[in-house]
Amino acid sequence: MNGVPLAAYIGLGMIMFTTGVVGVIIRRNPIVIFMCIELMLNSVNLTFLTFARYQMAARSSDALGMQNSLMAGQMMVIFVMAVAAAEVAVGLGIIMAIYRLRDSVDIDELNLLRG
Amino acid sequence: MYLLSVITFLPLLGVLGLFLLPESKAKSVKQTALVVSVLTFLVSLLVLFKFDGGSYAFQVSENHPWITQLGISYHLGIDGISLWLVLLTTFLSVIAVACSMKVDNRVRAFMACLLMLESAMLGSFLSLDLVLFFIFFEMTLLPMWLLINIWGGPNKGHAANKFLIYTFAGSIFMLVGIISLGYLQFKTTGKLTFDIVLIQEQVAQGKLWANALQAEPFIFWAFAIALLVKTPAFPFHTWIPDTYAESPIAGPILSSVMVKMGTYGLLRFCLPLFPDALPHQIPYLVTLAVIGIVYGAILAAIQPDMRRVMAYSSLSHMGFVLLGIFSLTKIGMLGGAFQQLNHGITATILFLLIGYLYQRRGTTLFKDFGGIKAQMPIFATLFLIAMLSSLGLPGTNGFVGEFLALLGGFQAAYANQFSMGLIVVAVFGVVLAAVYMLYMFQRVFYGKITQEENKGLLDLTGTEIALAGILVVFIFWGGLAPNTFMRPMENSINATLKMSTAAPGFRPSWSEEYAVEAKKHSAPTTPRLAMNMRIQP
Amino acid sequence: MNYESIWLVLLFPIVGFLIQAFLGTRIEKMFGRRALGAIAVLPIALSFAVGLMITLSTKGGPEESAKIATFGNWINAANLKIPFEFIVDPLSMTMVLIITGIGALIHLYATGYMSEEKDYARFFTYMNLFIASMLVLVLGANLVLLFVGWEGVGLCSYLLIGFWYKDIANAKAANKAFIVNRIGDWGLTLGLFLIVALLMKTNGMAGDGRFLSYDSMLPALKTGLQQNPGMATAIALLLFVGAAGKSAQFPLYLWLPDAMAGPTPVSALIHAATMVTSGVVLLNRMHIVFEMSPIASAIVCGIGAFTALFAALIAFGQTDIKKVLAYSTVSQLGFMFIACGAGAYWAGMFHVTTHAFFKALLFLGAGAVIHAMGHNQDMRNYGNLRKYLPITFWTMILGTLAICAVGIPGVFGFAGFYSKEAILGGALANTHAQIQGIQVGQIAGWVGLGVAALTSIYMTRLTCLTFLGSEERWRKIPVSHEHDHEDDTHHALDGNHTPKEVSPSMWIPLVVLAILSVGGGFVLANGGAFEKWLYPNELPVLGKISTEPNNIPLALYSTIAAVGGILLGLAFYLKGLPKNQGWNEAEWSPLRRAERDQFGFDRAMTVATVEGGGDIANGLWKWFDVGIVDGIVEGAGKVSGGIGMVLKRWQSGYIRLYALMMLLGFVSFIGYFAFVIKGGH
Amino acid sequence: MDKAFHFAIPSIEWAALLPILIVALTGIVTFVVEMFRPKNDNNLIVGISIGGLIVAGFALFMQMEQPSYATAGDLMQRDAFGTAMQWILILGSALTILFSESYLREKRIPFGEFYPLVLWSTVGAMIMATTTSLLMIFLGLEILSVSLYVMAGMSRSEEKSEESALKYFLLGAFASGFLLYGIAFVYGATGSLDLDFVGAIWSHRTEATKPMMLIGLAMMLIGLGFKSSLVPFHQWTPDVYQGSPTNVTAFMATVSKVGAFAALYRVLTAFALMGEYWIPVLTVVAILTMFVGNFAALVQKDVKRILGYSSVANAGYVLIALLAHAKDYRLGNNTIIYFLLSYTLMTAGAFAIVSLVAKNGKEGTRLEDLNGMWRRSPFAAVALLVCMASLIGIPPTAGFVGKFLIFFDALRTDQMLLAIVLALNSVISVYYYLAIARAAFVTDSQESETRMVKMTPGLASVCTICVAGIFGIALFYSPVATFFAAK
Amino acid sequence: MNQSIGGVAITPELLLFGAVAGAATLCAIGVVAFNNAIRSALCLVVNFFLLAFLYFTLNAEMLGITQVVVYTGAIMVLFLFVIMLLNLGGLSLLVERRDPKKYLGILLGCGMFVLLGSQLLPQLVSVNAKTLDPEMAKFGGPEAIGRTLFTTYVYPFEAVSILLLIGIVGSIMLAKRRI
């Protein structure tokens, strides 16, 4: 979609990423924190696809290099999604285990381990 | 010819042997340990026959490449300086093992520690590769730590940690120094090695430091501090009172050898390897030594515990050794080197006797004694003799060493190497030695018996007398025929002196022993002759 | 007998020592005390005999008067060689004869005196060892061997003073003796070092490396010191410090009075006759150095004179018979140093000899009295003992006359007369000992004259209080303090105690010594025999030393001093103990009290060194060593722990804080990068 | 190629891939076995796992003499470093598995699934170690981590275990978010996920790409620094080490750390050209890491926590070697390999011995819980003493040689400051290592039987391997070094 | 309409993008801001939808679809499911107490954003999308992705299989009843 500068997409990515980071730090509910992490991952995906599309480093002479680099971004995104899925499965599992153990998941109460 | 390796590793083999025995068989464990140590001593006597005092070259030596990538070689050798220290070590180890036959808990571990210590000390006296030396040097730490920590007195934990951390802190910087020295050698010759013979060869020709002169003092102090901590010299001495006071009686006996590793290291490494930095550091080092002499003596006079007195007195005595070594005069260095041995003998017999007292009464505090001369006349006599040797009475070995060391120092001061006042003070240390020793003797033996427990004290048994008696023999031997011990040292001392004071190119080097021997008879060395020296692999 | 057999002289006492040390108690058990005593006396007597023979054989021309017998190497360090070598010359042989001769007598005396003691063998072990080391001191042909003997005798004196070790006071006295001597040795050692350093620098000698052997050192010193006389003063003074320590000169005399804690024979042998004179021997050995330094000589004279006066005064304040004799010894030593300072070295040695005779006699006499009076030493308890102890009385009278230097000039005089004459003469005649023109030597001479008078007075006091007067005093006094050996064999002194004359083994030495003190001086002095024998030719630097001061009628003066002193003394004390010197010391005149307290000097020194030193040491230990030196070490550990605690608190356990930290780290990373990117390139 | 995106099937060097495949398949096999076996008897599984690892280890020999090359579509890089790292990883997980069974049984959590998870996460680490592709680094990292999250929370009855799992998970995901974002920027700048391009692109960089690469690097450093617990991304380490079951901790301390450092090595090597920018940063990080790790460890009372902090400190030591490598590419390789190998031996041994203290479902890991070990099982006590000596760096142990090498590299690249800091820190570290040794070997306690189990064969073999290794690779450094330095 | 801001021409695409991006940002903030976890989740879902749309604008059709299917279809459902499962008032409304670290976090977040933006964005304003020839333009299509995934990227593809296996086993281990 021509006419939109690269900066715009990257900027959006940054905003979302920052929001995610801030969320991780300021929220007490692990599930929400986890969602914020998902938010970060998605902003990353956006960034990947943007860079893939905009190809700022590519030399248009080298077609094969262009193809590789075009696909690299996409692949990365796919694998990120896969990883995210696996992480969600495990992460939510852990959260549930904790919830079973002590009917609360407030992470500010989770500091037996310190010092 | 693997004689030196055998000497070094025989005790370690003994340790393995010990662990084949069951913990329960305490008696046989003790006997095994004793046998091993005696065997080591006998084997080490062979060196005397192989040794040729006529040359300062390293003899009976073994040189095998070990870690070639890092240029670390397994290079053992012996010369006049290390000869007696090796014999002293093996000999005193026998004493240490023999005097700890009364240990009753974890005997196997105890004996293992003693033997490991022996191996480590022998290794560090014999190794001619800086890294190898460092390895053995550090190997003494853990056994000593265990000795203090398991079989020690009430405050053992703290004392043990203090000992280990303090000495480790000193030596780790020596490691940095060692590595940078090896790296310099690498930069100079393109060949990485830590073999002091090769390194000193470069030093002798003035190549090694040629473009690292500003680094030399720092590396020198990296070595010196580590070794001064071990010695111990004045500001670095505070580990030794705790160590002596808390460790079982075999500990101080062996550590009276261990402290020699410090002075030995100074003689072997600090002098020959840093000739350009040396002259500027001498005044500081001598000052430390003299402060050590007086300071140690003063503090020894008011300690409440015999073992602490001994600790501070070693500070004082090692001060004499250092003074002699750093006087950089033949007489002084000879005296210093000889005084090392004397301190080994004297301190050992005193510790042995104090140990007997400890076994009888379970304390070495002065307030628990007094007037026991009446109960233990023989003990008192032996103690008196050891004390006299320790305060340097003529006729005992202590006198010869101190006299020569001080004389050397005086010569150096007379030649304006450093202030004459230092020597005047140092000599006064002899007076103070009399003060604290006599005061100790008075508090232990004179007066009426005050404590009830002391009424029943028994005099030494036959074996105890024998053990102490052997050492007494050496006290008088060293006092009346010191040449027996000093003659073999003389060549090595002279060489070391030349290495550390002569100008580049005029410095002898171990690998060129025979060239130097030739030079002695021919005309004075020209730089060219020195430069043309063939580098031996 | 040939001089090489000098080793025999040394051998006998050493053998005796070994026998006593290892077999003593056994012999005592098997053959009893008399046998052991005999074995103790025999070696000394034998070496006296050998010494005498050697001496007679060494009579001869001055040129071969000094012979060196070498018995192998001792120390070879680099170019310094110190062999076992012994010198046989008039000086050493004089001392050998004194040591062994008087030594033998005193041993004999001791067999009787100590017969009731426990550790009989231990006593004679020490005594024989002492003789041996004293012989090494005088016979050693280099300064290091001299030093060996020097410290050896110090050790024996330490052991013998502390012989009755159960009394802690004795132990303290012993320590004091040893340590004060060590202070002297400090000077002596530095002196040796200076000589070696000097000679090695100005290599003005046949370079056989025997830098400290008299035969090669002294000539080298002569040449070497002419180049820099300042060195001469330095060496001389350092040596004198050593001498002062051994010979109890001010301020190092402190140990000698306390040394009286030892058994009386010890006091007689070590602290009167032999050891304390070794300082004088040293000065005679090294006289070349002193000849070259007028200043040093002046200081020697001055110290000597002051010591003589000081000690003589103190003697008046003493009531303990041995203390009186001790101070008189110090005073007499002062005389000897006056002589050495003035350059009349032979006179010093002469006085050493005569003093050995009469002072030994006096001590032994005093010992006999003490022995008879149940080891009670306070003269205020005595009185009228001539009735019970005739032999002792008469011999001591002779001794007193000898020390008072009584004599008719030109006709006959007791031993002390001739030596003191020579000393004072030498001092008044000399022009050597001076500092910037002040004739310290001559002043010392006049002081000496006065001290001679004082000597007569206090000696008379001693004699009168002890032997004359009435028995009332010890008849009705309670038991006084004693040495407590356990199972005290001495029946305490009390009202119905009857002193008995001592046994032959004890009075025979008295008689012999008495004869020597009467005739010794006359024999040795006639025709200047002693001087000719000791210094056959003039001094190398000062040349001829005259002992006849012109235009001073010295003989007259000294006779007046001696006789006058005695008469004065009799006037005071003939009728016994004066009221104002009795038990109630509050009645004493302040001067006398001050004298009793050595004018507060000893106390001051004790406070300064022992107590002050103790405080300093404690401060150093508690505050500096534990507080700072070790404090830094321990502090490092504590600080690390503190940092650890801070980090521990930082490790809060809150996930969100950890995340925050990560973010912080990241932000600072990119902050730095932003900075760099802006900054560089 | 006629049409776009018709890529050919990439050629695959099976020799290079084989070890990874074997481990992965072993995992699957054990998983299957676990499903069909009766519970509470995992010895067969253990056997299979060990066997598989050994086979994989041997498979590594097949690529010994090969040159360096990239395969599987350039996503897999085979070289000496990678091979060495795989050996260390295999060793680490083998040691973990060896002593796990008895421990899990005592702790009453004998999950059979544990073993496949260990093996798979080892696969993840191996993937990280053998690639220069950021994609594979990310994937490997996630494979490693996800299974670690699970294992950390394995002891479900323990709040501590669960808490550590959650901490590890949330922070780990957070960190990998940064890693990804960093990768994204590097990708944006270079147009490729392969690190080999980084250098080339950097050499003709533009105003746009320069900051992208630097910031991308910074973000990746967070991701990898988290895994290798560099300050200030280390704070999870002590908590998680303490909370997780001891054998899992051992696994984290060895395998996951080694993997992370392998990846870090790859990245920093690629970014060496722009060293002038980041070397100062990492120098500071290294210094902080050493000091924080050691100082904080001084005041700890819990053994696992102490070892956690010590692993932070050791990360700092390794970083020095990495920096040396970045400054001079000829240096550092050997050092990193050797140090990580020795560190694996020491740490695995230490944790294995600490796991003795678990009995009947209870586990006390305070220092005083080790008291009397010398009475209960002397060999373990001696082994612990050796491990501690090695961690301190007392010769002649592997730890000493490792430190020696690091000093050497630091001095050869003129990093005197780092050398001195390292020296200071080894002094500080002495104190707490000695505390552990003292508790186990010196202090006595009568009721040690109630707290400690006796040696089990698995544990004994771990101790033997570690002690033998610690002395062996030190005394026979030359052969070992030549072996690992082989092509 | 061709006026421009800061050298960037205002095009309809840009306006459209602006709208979507604004919405996405609001949703993202919503995720963080809402106290109620469910609301956060719903915001996230919307956000993902909008992202999917943006993927389409970047010609990554395949991934846009995958995004919808995987994220909104699978992952978010899982989230909501868990939230419901553990649903309690207490949990869903964990009231945020005001504590410094919160504000510090926000501050640092902003700091990070500012730094990143100031370092990266300015140079990227001028960069515009490469014009791709029609062949290349199909890079986002299923064919291209399929081919790539099963040729060049087969190795990571297998690796991911292990990862998913771990996910399964792990969640079983964490969830199954105690033995």
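Assorted remarks:
Just so it is clear, A, B, C, D and E label the chains in written order, and each chain counts residues from 1 on its own.
One rule holds for everything that comes next: a contact is a pair of C-beta atoms (placed from the backbone, for glycine too) under 8 Å apart; a residue touches a chain by one contact, two chains touch by 3 or more.
As the structure is a prediction and not an experimental result, all values here were calculated from the model.
The chains that touch chain B as well as chain E are C, D. The central chain of the assembly on a C-alpha centroid basis is B.
Averaging Cα atoms per chain gives one point for each, and the point farthest from that of chain D is the centre of C.
The interface with the greater count of contacting C-beta pairs, when B-D is set against C-E, is B-D.
Relative to chain A, the chain whose mean Cα position lies farthest away is C. Distance from the chain A centre to the chain D centre is 26 Å, each centre being the mean of its Cα atoms.
A separation of 38 Å divides the Cα centre of chain B from that of chain C. Centre-to-centre, using mean CA coordinates, chain A is 65 Å away from chain B. Distance from the chain D centre to the chain E centre is 32 Å, each centre being the mean of its Cα atoms. Residue positions 101, 105, 108-109, 112, 116, 119-120, 124, 127, 136, 139, 144, 148, 152-153, 156, 160, 163, 166-167, 170, 174 of chain E are each in touch with at least two other chains. Under the contact definition stated at the top, the residues of chain A that touch 2 or more other chains are 10, 20-21, 24-28, 33-34, 50, 55-56, 58, 63, 67-68, 71, 75, 79, 83, 86-87, 90, 93-95, 97, 107, 110-115.
Within chain B, residues 165 each touch two or more of the remaining chains.
Applying the touch definition to every pair of chains gives A-C, A-D, A-E, B-C, B-D, C-D, C-E, D-E.
Partner chain C is touched in their complex by these residues of chain A: 21, 24-28, 33, 107-108, 110-115.
Chain contact summary for the complex, chain E toward chain C: residues 101, 104-105, 108-109, 111-112, 115-116, 118-119. Interface residues of chain C facing chain A in the complex, by the touch rule stated above, are 648-649, 651-656, 659-660, 663.
If you check the complex, the residues on chain E that touch chain D are 116, 119-120, 123-124, 127, 135-136, 138-139, 143-144, 147-148, 151-156, 159-160, 162-163, 165-167, 169-170, 172-174, 178-179. Interface of chain D with chain E (complex): residues 3-10, 12, 17, 24, 27-28, 31, 39-40, 72-73, 75-76, 110-111, 113, 116-117, 120-121, 123-124, 127, 135-136, 139-140, 142-143, 146-147, 149-150, 153-154, 156-157, 185, 206-208, 211-212, 215.
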